[in-house]
Structures are given as structure tokens and as C-alpha cells.
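Structure first, then comments.
Each chain carries a letter (A, B and C) given by its place in the written order, and its residues are counted from 1.
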Amino acid sequence: MDTLASLADGFAVALTWQNLSLALMGCLLGTIMGALPGLGPSNGVAILIPLAFSLGLGATPALILLTAVYYGAMYGGRISSILLNIPGDEPAMMTCLDGYPMAQQGRAGEALALSGIASFVGSFFATWGLVLLAPQLVKVALLFGPAEYFALFTLAFATLGGIASTNQAKAAFAAALGLGLAMIGVDAQTGVTRFTFGEVHLYDGIDFLVAIVGLFALSEVFVFLEHRSTDADGDTGKKMEIGKLYPSWSMIKSCIPTMGRTTILGFLAGVLPGAGASLGSFIAYSSEKRICDRDGTFGKGDPRGVAAPETGNNAAAGGALVPMLALGVPGSGTTAVLLAVLLSLNITPGPLLFTQNPDVVWGLIAALFIGNFMLLALNIPMVGLFTRVLLVPPRILMPVVAMISFVGIYGISGSSFDLMVMVAFGVLGWVLRKLEVPLVPVILGTLLGNAMEANLRRAVSISNGDWFTLADSWLSIGIWLVAIVGFILPIFLGRVFRKKMDDEYEKELSD
Amino acid sequence: MIIRTFIATSFAALCATSALAQDFQPESPECIAPANPGGGWDFTCRQVGKTLQDLGLIPGTMQVVNMAGGSGGVAFAEVVNKRSDDQDLIVAASSATATRLAQGAFPGNTADDVRWLASVGADYGVIAVAADSEIDDLPELMEIIRNDPTSIAIGGGSAVGGWDHLKVLMAAQKAGVEDVRRVKYIAFEGGGEAVTQLLGGSLQAFTGDLSEAHGFMASGDIRVIALLAPERLEGEYADLPTAKEQGIDAVGANWRGFYVPGDTSDEAYDYWASAVSEMYASDEWQTVMQTNGLAPLDLQGDEFDAFVKSSITEIEDLSREIGIIR
Amino acid sequence: MSDRILGGVGLTLAIFFAWSTTLIQESFMTDVVGPKAFPLIIAAVLGAASLVFLFRPDPAPLWPPLNRLAEVGFAVLVCFLYAKVLPELGFIISTTLAAGYLTWRLGTRPLQSVVVGVATAVGIYIVFRVILGLSLATGPFGF
């Protein structure tokens, strides 16, 4: 009951007019930044830090503003994923897979509304998880040593086989490409440079935002140029309909089990420092596909394929706050920025935060609840407005998207070298699309490559060169088993296995 | 930012009279943090910028620009090559910058290409173990390492050869470990991550800065067995034993400070140095240092310049001795 | 055929990657695994996947005719130029030019393209510079 009393105190702190309007402003700005390709939650929060400072805000109001931006960006990323097939930020990448096909079928409104609800469910329950389970969850994070992290990342790559069902070799190719790109730069373990060819700009490696914006957004522009029909008006052939704005109750109901499972998965992924929201949405999607994709509708506009990653990434956003607050270890890029804000407000996150600064912690948690309800209230009515984007003819929309992508990258890094790398990625993305090589594994590789390698090397170093250390605890063995039995074996047994299942399924139907 | 500009303008109007009696005034003060938001350099820029503004020592708001790349190398090259006469600019730096310069990791650039401005504090190194560890003090840890270097994994937040690693090697060298290169060091992304692995049992010891350790120390999760300071600190850190008093004469301070472009005029250099100096003396900054575990290091102008250059020479010698550079 | 070419390119890339891995300067001190092992594993996966394309290619995609290909090529060139001139010309001018060009090539009438280009540049400038406070490139006229 202590917890609930503290939470009530938190609401008392958060519920002032100033804080409410800050939360509203943060939600709006966050949604916009999430939706713009190139500006993700971490940059969004970083951009607004000076605003919080120059307004002279105290610790709690500043945090309310910035976490509202954080949650807002997590909501906003899905908008461009669904409408344009361009992820607004990296966790929203998986939402493209089913969101965009839904939009093409004229169900953009439904997809947006459903993903809004899914986002709400994910972050609402994750925030409760943060309230009730934070101390226990810290222990979970401590169970993960380098060997366990390596097993977890391998699991993520093993699930790729399930996503790109057409050609496994192409998924493997794309993943290796992404991992290889991640290797560029100074090796964090030894400080030697790798694959930089003497270029100082490459020392810090390739920013995955540059990769994601290039691969998805710019290549989309090139695809449009390629297909431009030659009629006088110049509009491309496929006109999108807007259709129904809100999903039916039965559709929402069919997604409830999905949302339940992915909330838990995403939250746990968020709790592990170093895994973060992208892994949350990724694992949420691939496990849901494995569990309930019986008719092969995932990837073709299945509502559950929209609900799963959105629930997952928003739950992970909440989960990532657990290690940040309780250990002072950021679980994702955004929480790293939030951590810096806390430090500059003279608050040190860590094991003592909950006892030393209860007002800050509980005010923050209350703000998360408030922000979450605001976002739901903002996002659902605005579905109609968002879908209007589809009415803008592509010949105008696409250049705008391209320019926004450039600005997003340039505004953060101030480097025209990054812009050229981005254009190169645009070309690469276009070629890979033509050859039906999936883009998601490339991004996953660049996102996780360094952490995966670092943990492998840490684990083997700690055990003095014994590679068997990688499967030396019950936890790591468990993860390896899930990876092998759940995802790798089915690829090889796939054809036999799936045929049998289909037969049985049909039999059940005919019975 | 509409609101920000408005506040900034009114602020500037207020401050114009209280400004320092000097010839130079920056038009749009800017601080480059040579890393992405969230790191130590970013903290230095933002916190100092905020305090300078709060105290009215600079006109308007300090604009913080993040210029990540090459562990500070991209920003260093940019400042040297493109903005060497920008009078409004200061750049965050720390021992990590000095270490990189000493090891020749900024190709074509040396410490003489810029003017070292001032320090804003120092972060003393610590070596810590988990609270339930059987190791009691630094000599005991070093004894175990001397007998079997493979039995102790020490984690820290910098790469192999980086500052956190050097600190532990320094201690090992002073403790008489013969081949310090056999000390098992595991690199992490940051001190916090390394502490987490210490608590999880993957590591046996942690090397880092006091500011990284103090939260876990206060909560009783970890035990600091050696502070790498010349003498004991005051206040809440008074009972931390130094390495020196345990017979291992190793001192490692991670300073934080700024440099300015090489062609900064003397007026501008003096302006910035005295602004930072005045800020350093303020109660506000003392509070910031207190809460972040920063120890005093109050050097400006030529004094600081000499300090940085001598510390670079020191690191260079040490790195060569250990065998990180040839 | 396209897949076979991809396989060939992929294999070359894998070999190149493995070769540059061997060139990595290892410092005196390194961990047990070292900076080379993981890249070599990646190169192996890359190579193996490429071999699959060589021997079991998918049907080739429909490549655009030459003039369309040139269209894409020009757009890429414009993007590169944009990245180059942005710090010199400043945000508004270069963005107007680039957005105008892309709009025009996507089938808008020339005059209208200019209008769209200017509107895009100014609109983005307002959102990113004025509202979000990002520092965009400043040209000779301060914008």
C-alpha cells in the first residue's frame, strides 16, 4: 500500500496547471518528432533540454516535459511507418511490415487507431510494471551477464528467419551486411580502428539513424521516381483510399491476446540495459508471427502485426526506465539522454533514488500515466488528420519527405559527410528492394552488431578464452534452446512441418 | 525556439549592465560537446552553460552543439581546421581528450593546436569491489592479481588503453605486478554498465570515477577499496582510503574542462577564462560539484594549459612503458 | 541473373571484408578474442549467403528501362550535390533547389515546382529552426 500512497503523492505533484500544460506540449512535440523521419525519441529529448533549462524549470516539471516527449515520440514513430512505409524512428521499423500494407488496402485509419490503442496498452501496463516491480526487476537485469546478452542477441537474429519467410539466405545476407556495417569505426574494446580507411568521420561508426533514414526514406523516393507514370498529371498510379477511420470492436478484440503477450515481452526487453525499445518491438513482432500467424497473413496487413510491435516498443520504453532509475544505467539511447538530464538537475539515479528523491520519482511516474492518457486522447481523434497526408500527391509529398530526412540528420550531427552516407544508403536500399532483400535485418545488424560483439568478447575474456562459457548458465542455455528449437530448426524442418500443420488445421476446420 | 529566444533576449537585456568589465563580449556563445547527448562532455557543456547563464556571466543562452565522432577527434579537427578564429566558442574536454592526444589518436593534431582554457573540477579514480567480496583492500587485490592475473576480471567504462584501464595499470605497476599487460581488463560502454556486471557477479572488481561509483557506494552495494587521490577527501567521502596510504602510490584524476580554438584573441581568452573562474567560485557550482562527486580542481589560463600539457606527457610515458603505444 | 550478380558481388564483398579484417592493426594489448574474430564470422555468413544466391537464384526482378534508371541516377546525383552545397549555400537556397528539382522530376509543372520548392524549404525551416530550435546550415544570407 505504501506504493499506492507514494503514487498518490506523485499525482499531487504532477497535477498542477503548469505541469499539465508542459505534459501536453511535450506530447504534441514528441508526436511530431517521432513522426518525422530522422528525429527519434533520443534526439527529440536532447533538442528540448535547452528549452527546459531556459524556462528555468525545476527538476520535476523538466522531467515531466521530457518524458512526455519520450512517450510522445514512441507514439509518433508509427504514423509515418503506416502512412509512408518510412519508420519515423527505429523502434517503429517493425510497424511498417503490416502497417503500410494496411494503408495500401485503404485501412490506414484503422491501422493508426489500432496502433494508438496498442501503444497505450503497452505503455500503460509497463508503467504499472515500473511502479510495482521495479526493485524485483533490477534483479532480473543483474542475471544477464555478457554470455546471456550474447545469447539474447543471437536469438533476435534467429527470429529473422521467421520474418523473411520467402528466402532465408537473403535474410542472412542482409543481417550480415548490417553487422558488417556496425563493425566500422573504433573498436570499443581495444581502441583500434576497423574498416575506416583513414576517414575520421567513420571513427565513431555509422549512425543507425543515418542508415535507417537512407534505407527506408530515401530509397522510397527513388522507387517513386522509378515508377512515375508518364501521364500529364504525373501522379503515380496507385492512389490510396482512406477508408474507415476506426477499427471495429471485433478487430480490437482479436488483438487483445497479442497485446497481452507483447506487453510482457517488450517490457522485459526494455528492462535489460542494452536491449531497448527496438529489440522489444522486434521480438514482439517475430514471436507473435511465430505464435499466431497460421494463415500467413503477417506482412500482408494483419492488424495483429500492427498491434504487436507498437505494444512491444511502448512497453519497452516503460521498461527501459527501470534500469535507468534504479541502477543509473541507461537501457536505450533515449534513457541515456534522460539520465544526463537527471544528472544536470543534480539528481543521481541509482539504488538510492527511490528513497532520496521520492517526489521526483513518483512525480515522474504520475506524469507518465498522465502523458499516456493525453497521448491516447490526442492520437485517436487525430487519426483523421494524419490520414489526410495520403491526400497529398506523392510528387509533392516525396520531396518533402526527402528534405525532412536530410534536415533531421543534419540538424543533429551538423555533418554533410553523414548526408552523403545517407544518400549511399538510399541507393543501397533501392537496389536491395529490387532484389527482394529485406531491409529490417540490415538495420537490426547495425543496431545490435556492436553490443553483440562486445558481449561475446567480454564473456570469452572473463572465462580466459573458454568459448563454452557462452552456454554455461541455465539462463543462457534456456535462451539458446528457444533460439534453436523455436526458430532455427523450423527453418530446416519448415516445409515438412508446416505442411503437416496446415493439413491438421484444415482437418480441424472440416470437422 | 520562440519562447527561448524571448527569454534569452530579456535575459540579455538584464545582464548587459552586470556583464564583466571587459572589451570582449561573445555574440552567440556556443559550446561544442564532442559526443552525442548523454555523456560526460555533454554534461559539462550543458551544466556549465546553464550555470553561466543563471549567474549572468554570459549574454543569453549557451548553445550546445553535439559533434560526435572519433572520441572527440572530429570536433578537434573541426575546431582546428575550420573554426580556429571563432571567438564565441568553447569545447568540452577531459582526461579522455588528453589520453587520446597522448596516444596519437587524433591524426595530425596535437595539444598545441588549441588553447586550453580552464578546468571545472576533477573526478578522482576509484577501485571498488562488490559489497560481499572477500577482498578487503587494494594490496590484497593486487596480491591475487600478482599470483594469478586470470582470476580477477576488472571492468571499467573505457576502451582498452583508455583512462579507466590506465588507472588500474598504474596501480598494478606501483604494486609491483611484473607484466601489467596480463591484468584482465574488460571494457564496457560506461561505468554504470560495469558496476551492474560487478553486482551481477561477472566481474570481481571495478575501476572508474568516484562520480560513477558514489550512488552504489552510498546504497552499500559496492565497497571502494582505493581512492586514487593524493590525500583523503572531505565530507561524505572522508572514510575512503587512498591508494597512497595503503602503500601503492597511484593517483588518477579525471579532470573536466574546456579548450578554445587556437586563434582565439587574448581578450576573448581572458573573458572566457574569467567567466569560468567566476562560475567556479559560485555557490551554485559548488553544489553541482558536491552532488556529482566532483573534487576541486581550479585552474585557468596558462596554469591550466601547462597542467594539460604535462598530464599529456605523463600519459604518453605511461602508455609507452606499458606498451600501448610504440 | 540479378541474384547471381548479387551473389557475385556479395562474395567479393565477403572476401574484401575478410581481407581488410586481416589488415586491422592489433595493438599490443588486446582481449582474448581480439578485434578480428567477429568480423571474420560475419564475412563467413555473408559469403555463405552469397553462394546460395549463386546456385539457387530467385527469378530476376523487373529492372526499369534505361531512361528511368538515368532518372534515378540524376536524383542520386542531386542528393549528393545537396549534401555538398548545403554548408555553403545555406539551408533555404539549397533545399529550394533540391526539393524543386525532385518535385519537377516527379511530374509537377516547372513553375509549380519552384513554388513547391520554396514552400518546402521555408516550411521545414520554420518547423525545425524556429519551433524545434535545431541549428541548420547558415548560408551567405544567414539562412
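Basically, a contact is a pair of C-beta atoms (placed from the backbone, for glycine too) under 8 Å apart; a residue touches a chain by one contact, two chains touch by 3 or more.
The UniProt protein names, listed by chain, are A = Tripartite tricarboxylate transporter TctA; B = C4-dicarboxylate ABC transporter substrate-binding protein; C = Membrane protein.
Treat the numbers as computed from the prediction; the structure is a model and nothing was measured.
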| item | value |
| --- | --- |
| Touching both chain A and chain B (chains) | C |
| Innermost chain by mean C-alpha position | A |
| A-C compared against B-C, more contacting pairs | A-C |
| Averaged-CA centre spacing for the pair chain B and chain A, given as whole angstrom | 32 |
| Rounded Å distance, chain A centre to chain C (Membrane protein) centre (Cα mean) | 22 |
| Approximate Å spacing (C-alpha centroids) for the pair chain B, chain C (Membrane protein) | 36 |
| Residues within chain C (Membrane protein) bordering two or more other chains | 27, 29-31, 132-133, 135 |
| Touching two or more other chains - residues of chain B | 1, 4, 63, 65, 160-161, 186-187 |
| Shared interface positions of chain A, touching two or more other chains | 50-51, 187, 189-191, 412, 414, 458, 461, 464 |
| Of all residues in chain A, those that touch chain B in their complex | 42-43, 45-46, 49-51, 53-55, 141-146, 186-191, 198, 200-201, 203-204, 273-274, 323, 327-330, 333, 336-337, 339-340, 343-344, 346, 348-353, 412-415, 454, 458, 461-462, 464 |
| Sites on chain B touched by chain A in the complex | 1, 3-4, 7-8, 36-39, 42-43, 46-47, 50, 53, 61, 63-71, 73-74, 77, 103, 105, 107, 150, 153, 159-162, 184, 186-190, 192-193, 195-197, 199-203, 214-216, 218-219, 221, 287-288, 291-292 |
| Residue numbers on chain C (Membrane protein) that touch chain B, as the complex places them | 27-31, 130-133, 135 |
| For the chain B and chain C (Membrane protein) complex, residues of the former touching the latter | 1-2, 4, 63, 65, 160-161, 181, 186-187, 322-324 |
| Chain C (Membrane protein) residues touching chain A - in the complex, by the definition given at the top | 2-3, 6, 10, 17, 20-21, 24-27, 29-35, 37-39, 42-43, 45-46, 48-50, 52-53, 56, 58, 61, 63-64, 68-69, 71-72, 75-76, 79-80, 82-84, 86-87, 91, 95, 98-99, 102-103, 105-108, 116-117, 120-121, 123-124, 127-128, 132-137 |
